[in-house]
Amino acid sequence: MTWIPAYLSSNLLTALIFFPLAGALLLFFLPRENPRLIRNATLLVTLVEFLLSLPVAIGFNGATAAMQFVQRVPWIPGYGIEYHVGVDGISLWLVMLTTFLMPIAILSTYEAVEKHVKEFMIFMLVLEVGMVGVFLAIDLFLFYIFWELVLIPMYFLIGVWGSERRIYSAIKFFLYTFAGSVLMLVAIIALYFHHYAATGVYTTNLLRMYELSIPVKLQFWMFAAFALAFAFKVPMFPFHTWLPDAHVDAPTAGSVILAAVLLKMGTYGFLRFAMPLFPVAAVDLMPLVATLAVIGIIYGALVAMVQKDMKKLVAYSSVSHLGFVMLGLFAFNVQGIEGGILQMINHGVSTGALFLIVGIIYERRHTRLIEEFGGLSKVVPLYALVFMIVTLSSVGLPGTNGFVGEFLILLGAFKTAKWYTVFAATGVILSAVYMLWMFQRVMFGKITNEKNRHLPDLKPREIAYMLPLLVMIFWIGVYPQTFLRKMDASVSAAVTRIETKRQAALGERPQGETLLARYFDVKK
Amino acid sequence: MEPILFIIFGAIAVGGAIMVVTRKHPMSSALYLILTLFAVAALFVLRQAHFLAAIQVIVYAGAVMVLFIFVIMLINVPENKLPMERLTGLRLLGVVAAGFLILESAILARRFAMPAGSTADAGSVQAVGRALFTDYLLAFEITSVLLLAAVIGAIALAKRKI
Amino acid sequence: MMEPTAYLLLSGILFGIGVAGVVARKNALIILMSVEIMLNAVNVAFIAVGSHLGDPTGSIFAFMVMTVAAAEAAVGLAILIAIYRLKETIDITELSVLKW
Amino acid sequence: MVTGILDYIWLVPALPLLGVLLNGAIALFCERPLLLAEAAHGDEGHGHGDAHGGHHAPAPYRKLVAFIGPAVVGAAFVVSVLAVLALAARPAHDRFFVQVLFPWIQAGGFSAPAALQLDPLSSVMILVVTGVGFLIHVYSAGYMSHEKAFARYFVYLNLFTFAMLTLVLGSNYLVMFVGWEGVGLCSYLLIGYWYEKKSASDAGKKAFIVNRIGDFGFMLGVFLIFWTFGTVNYTEVFAKVPLLSANGVLTTEIATAITLLLFVGAIGKSAQIPLYVWLPDAMEGPTPVSALIHAATMVTAGVYMVARSSSLFLLSPVSMGVVATVGAATAIFSATIGITQNDIKRVLAYSTVSQLGYMFLACGVGAFTAGIFHLMTHAFFKALLFLGSGSVIHALSGEQDMRKMGSLKKHLPITFTTMFIATLAIAGIPGLSGFFSKDEILWKAFSSEHGHIALWAVAALAAGITAFYMFRLVFLTFFGESRMEPEVEKHVHESPYSMTVPLMLLAVLSVVGGWIGIPEVLKGHNYFEEWLAPVFAQGAAGGHGAAGAHGAAHHPVALELGLMAGSVAVALCGIGLAYYLYRVRTNKPKEIAEAVPGLYDVVLNKYYVDEIYDFLFVRRIVNGSIVLWQAFDAAFIDGIVNGIAAAVRGAGDGVRRLQTGVVGNYAFSLLLGAVLLVGYILTR
């Protein structure tokens, strides 16, 4: 980090979080009648934000697991709440994913969003503030604020610019996540007071919470609360029904960001909060979480197969992909977790690209039903090529990003949960089935619908925002080291921390006690 | 001596009250109400609360009831427009509940057990006046504000829009 | 001086009757009068206990109750007049504009 | 100088990749505008016919593509030959070269570098892939000349060659897996080349998904390998085999599990029972594709993988048994189906499945060398057969049904002679390559310690049936009177030289190919075995005792000769039967068919395997998913969610009704509250 001026490097993260907010304020002053100016201004803001985030990625020192670019300012000293931000191996690439995807999402709205362009752009920028904030916050209170902040713009994005059932979906999305986060708030407060009881110091600083040893019974309930909140967000199997509705009724840019980044807040939450803070409960509940993850993988794939609406299909495929991520995280070893993190990035790139692709033909034909299409490959060959590459990356073909993530996840999970991996691996087959079947019905075969005969191929603007995604697909696929190298230190530190804390906590428990005895005082 | 008078005036009060509640025409109810008020005033006298008895007769029976009668005549609802009142449904339940309430207050009354006080003439004008202008001065002033508000309110409400 | 229990019982009865009147009657005027009866019942209780304890507070409270009763009657009747002028009726079951 | 070439081994896969990029650029910038212009004025595509398309002047870019495609693979062939020579120059035990390109995936203890490895086994494979591949590229330049999407075809073909070379040259299981799925992708693209035909895109999708089922097993095998050996590189894995099996870490159960999982991958890729169903449908693709992918190279990937992991397979007799039995079963099973097929390419497809069965049988009985030897010879004559059938179809402008052929001998002399040589080879007529490799397998099936008399019998019978249906094909297409439609017959013409020269070369190879592996018993020296010995010796040594690469010691020579004669006899009577049925009494086959209609229909319809699979799996899964979606997702979970919402609204509605507006009611509720309260105070 030597070449970044000291001043900048200490305030870089704060700049990163609040720059889009400044951009949003700037938009207020722009004339509403000139959407073109507003779009270009927002694009500029998001691009500068991306450039601002590059030094973080380049300057990030992969050797240490400690938080870097840390900035710490007392915020509410009375309660020990600080404005404490920092980045480490786990959150680095998620932040980069956010700043990388925002310009792409904005660029994709040039012809898609016509009404209330100013408000749309302001909501998108506020959304970016929330997302970047969530990944950088190290203070629980600050994290919770950003976690809630993200909901509001997304609610409006779906509610105002969505399609048919947008109000229902927006409310469903909002309530689902909100219910979860309320539970999390209770757990945070319990943690806060437990920390005071244990150490006599009021603080919401996550790193201090890591050192805290929490009695096993309390750990169980707190983990359950955190896990439920994140499970709603991931979404894990039984709590996923909001995702297809939210995606189908969100505008293209909205569902790109929703799929690419918002879902990752759930999995990131598990990795950053639920697992390290409550290791005993996390490892004990691993079978339950892994089962739900595997069900999610297979269930998501099977249901995706029979969808009639392309966006719903991609939404259910996200349920399946994130099932993989969860399985990876709960493998509790370096391969699994690194695979999980990488798969979060891959899912962001490939599913984001898939939604953009669906958006492109939606802009042309204003329908997402698969049977409306057919034989497009002859009419729009360049589009077919891009669609094929993204489909392969989503299916996880070696050489593309999907494979590296999925392979590492299954490899890691095989060690700790052999049979879960065997079932999860069928997901690899099922993903090929539904993706290729959809691709075949849309692209191959004869042109059935006259309207498809004269569809224009990709416009230069569309190529401009698809190209970076394709580059990422091959870059992660062929040379994932650039990404894995920077995660190693943090992930191994996380794994060892979980393990040592667990051993310590289990030290005084009687040997070989059953889970029931440990958590519910049922006599063994 | 006192119990006999108590029974007399108590009976009058209760009878008057019942008649107030049951008469069809508001005017007869008003008159019965005045009777009840006098009975209550008599009870006050029995309990040596002379000041209160006087106030009761002057303010209550005098001023308030006059107001009532005044309003009844003002409204002067014609005979046929008076609401037909058959005691059914919820209102019957209400009366039953009131009965219950009487029963409960009876039980409560029997549980009353407080030591008797020393000074006999607690209710006399001197005692009440001294208490009123020392401990309860603030309350006294507030009531005056309350009355003022009530007067203004009444005028504003009942005034014919000109 | 007599034990106050009898007075309290009387006060309970009067209060019950007043409540019955408020609940059972449809004529707003009668309801207002029943309220007056309830207030008087309360006064009886106050005075009975006040004199039993030899404490002037009983009378003070009764006095306060009376002023409030007067104010309440005044405002109540004013409302009633306004309603009657508007709706030509004082039957409370017909005055249910604040219906759901 | 000669050994220096080894450092450039990365050129072998890189050249086809270069071809992909060049042709890809041409396809995007030259071909696409042409196609768009054509699609624009609504000219309904016609490219689904195999043989010929609209005769418009070939655009200039076609010549360039027609040059780049084959040239790139040819160059790769040259580099491969030089590399193999350089390898051969080294002493036998040192024929081994690994080149690490860059660290591909590293996470925690796991490390899989992108590295290439050249040793005798992979050298044989790259020679076959680039050699036969080159000939097929030249052939398809002529064959596909009338196609509109010409450049796109060569992009896919080069991409396939790149993927196959990566598979073969990979120095660890992960790079092999990259090539493994890469060839799966290319076969999907090439089978579905005429994507406008629904049957073609269905076949492509089917191929990819069935391959993926195989890859599922392969992947699990790789995980088990990593967590047992701690690495996925071949050298380290095979070096650790003796150590780990000694100290009990690598128990036979684990070895069996690993090998069976890997074998699932092989079944998927090399179309063995039960995952062979995609290969016959893969005939939807252009014929050179069938020749390259579904005969010579891709399908042999499974055999290569089993051979590569020979030391693991040798550890578990159970796996060896499974491999052998599956191989033999597939050989006989698909051979029987081949008898009744009427589509020339489907006969060859089932024949390929059957021959692959032989190769797995060889591996199953421990004769990995024989398996690879047969793989090589099979690549020659099967590619020739497919290309020959392609030239027949090309001549008959798209006709594939043998019942509408006949008497082509006089029209297509070169095609006839080359195909006849290949048929002799595949039938196992002595002197030709097929004989040596197939006989080697038969002998090992009998003599090797993993072998069994039953396996030999089944294999011999299958050889007979193979001879029968191959000669049936030849007699139906080339002999007898012409059953062609008149206008088809009008312009039947021999294929241009660009197609017939590869046929001739392959014919030569089909003959010569066997001579490098003549067994001792026939006074020849088995160079091939000698060449592969170091790879398998290391494996065999690893196993318990020499598997008897040639196990001639404890079997009298006479027995070997006797069995050899036996297998030739079986082949001859197969040919005789075919001659009798299809040349002498041509109506006899119809009579037999009527005589036992049930059996004939069953066999004709491929034992209804596809229909069974479709009924058992596909329909169940699809319907199940619909039920899952509608019943579970939409009704159940959403039901709960919406239910809660409705309950909340309902409660709100209920409470709302309390506000009646009548003052009396409010007074009553007040009273009620008071009564209850006092009642509570009293009773407390």
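The letters A, B, C and D name the chains in turn, as written, and every chain counts its residues from 1.
Please note the rule applied: a residue touches a chain if its C-beta (ideal position, glycine included) is under 8 Å from a C-beta of that chain, and two chains touch if they have at least 3 such contacts.
Every value quoted in this text rests on a predicted model; they were computed, and no experiment measured them.
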Chains in simultaneous contact with chain B and chain D: C
Reaching chain D from chain C through chains that touch each other, fewest steps: 1
Nearest-to-centre chain - CA centroid comparison: A
Whole-Å gap separating chain A and chain D, where each centre is the average of the chain's CA atoms: 38
Geometric centre distance via CA averages, chain C-chain A, whole Å: 67
Averaged-CA centre spacing for the pair chain C and chain B, given as whole angstrom: 6
Chain A-chain B separation of Cα centroids, rounded to whole Å: 72
Multi-partner residues of chain B (at least 2 other chains): 91, 94, 97-98, 101, 104-105, 108
Contacts with 2+ other chains: residues of chain D: 664, 667-668, 671
Where chain C touches two or more other chains at once, by residue number: 19, 23, 26, 93
Every chain pair in contact, whichever chains are involved: A-D, B-C, B-D, C-D
Interfacial residue positions of chain A with respect to chain D in the complex: 172, 176, 238, 240-242, 299, 302-303, 305-307, 333-335, 338-339, 375, 377-379, 381-382, 385, 392, 397-399, 403-404, 407-408, 410-412, 414-415, 421-422, 425-426, 428-429, 432-433, 436-437, 440, 443-446, 453-454, 457, 478-481, 484-485, 488, 491-492
Chain D - residues contacting chain C, complex: 656-657, 659-664, 667-668, 671
Partner chain C, residues of chain B touching it in the complex: 2-3, 6, 10, 13-14, 17-18, 20-21, 23, 26, 29-30, 33, 36-37, 40, 43-44, 47-49, 51-52, 55-56, 59-60, 63-64, 67-68, 71-72, 74-75, 77, 81-83, 85, 87, 91-92, 94-95, 97-99, 101-102, 104-106, 108-110, 112, 114-120, 122-123, 127-128, 130-132, 135-136, 139, 143, 146-147, 149-151, 153-158, 160
Residue ranges of chain C touching chain B (in the complex, touch as defined): 1-2, 4-21, 23-27, 29-30, 32-34, 36-37, 40, 43-44, 47-60, 62-64, 66-75, 77-82, 84-85, 88-91, 93
Residues of chain D touching chain A in the complex: 28, 32, 35-36, 39-40, 42, 45, 102-110, 174, 177-178, 180-182, 185, 188, 192, 195-196, 198, 201-202, 204-205, 208-209, 212-213, 215-216, 219-220, 223-224, 226-227, 621-622, 624-626, 628-629, 633, 637-638, 641
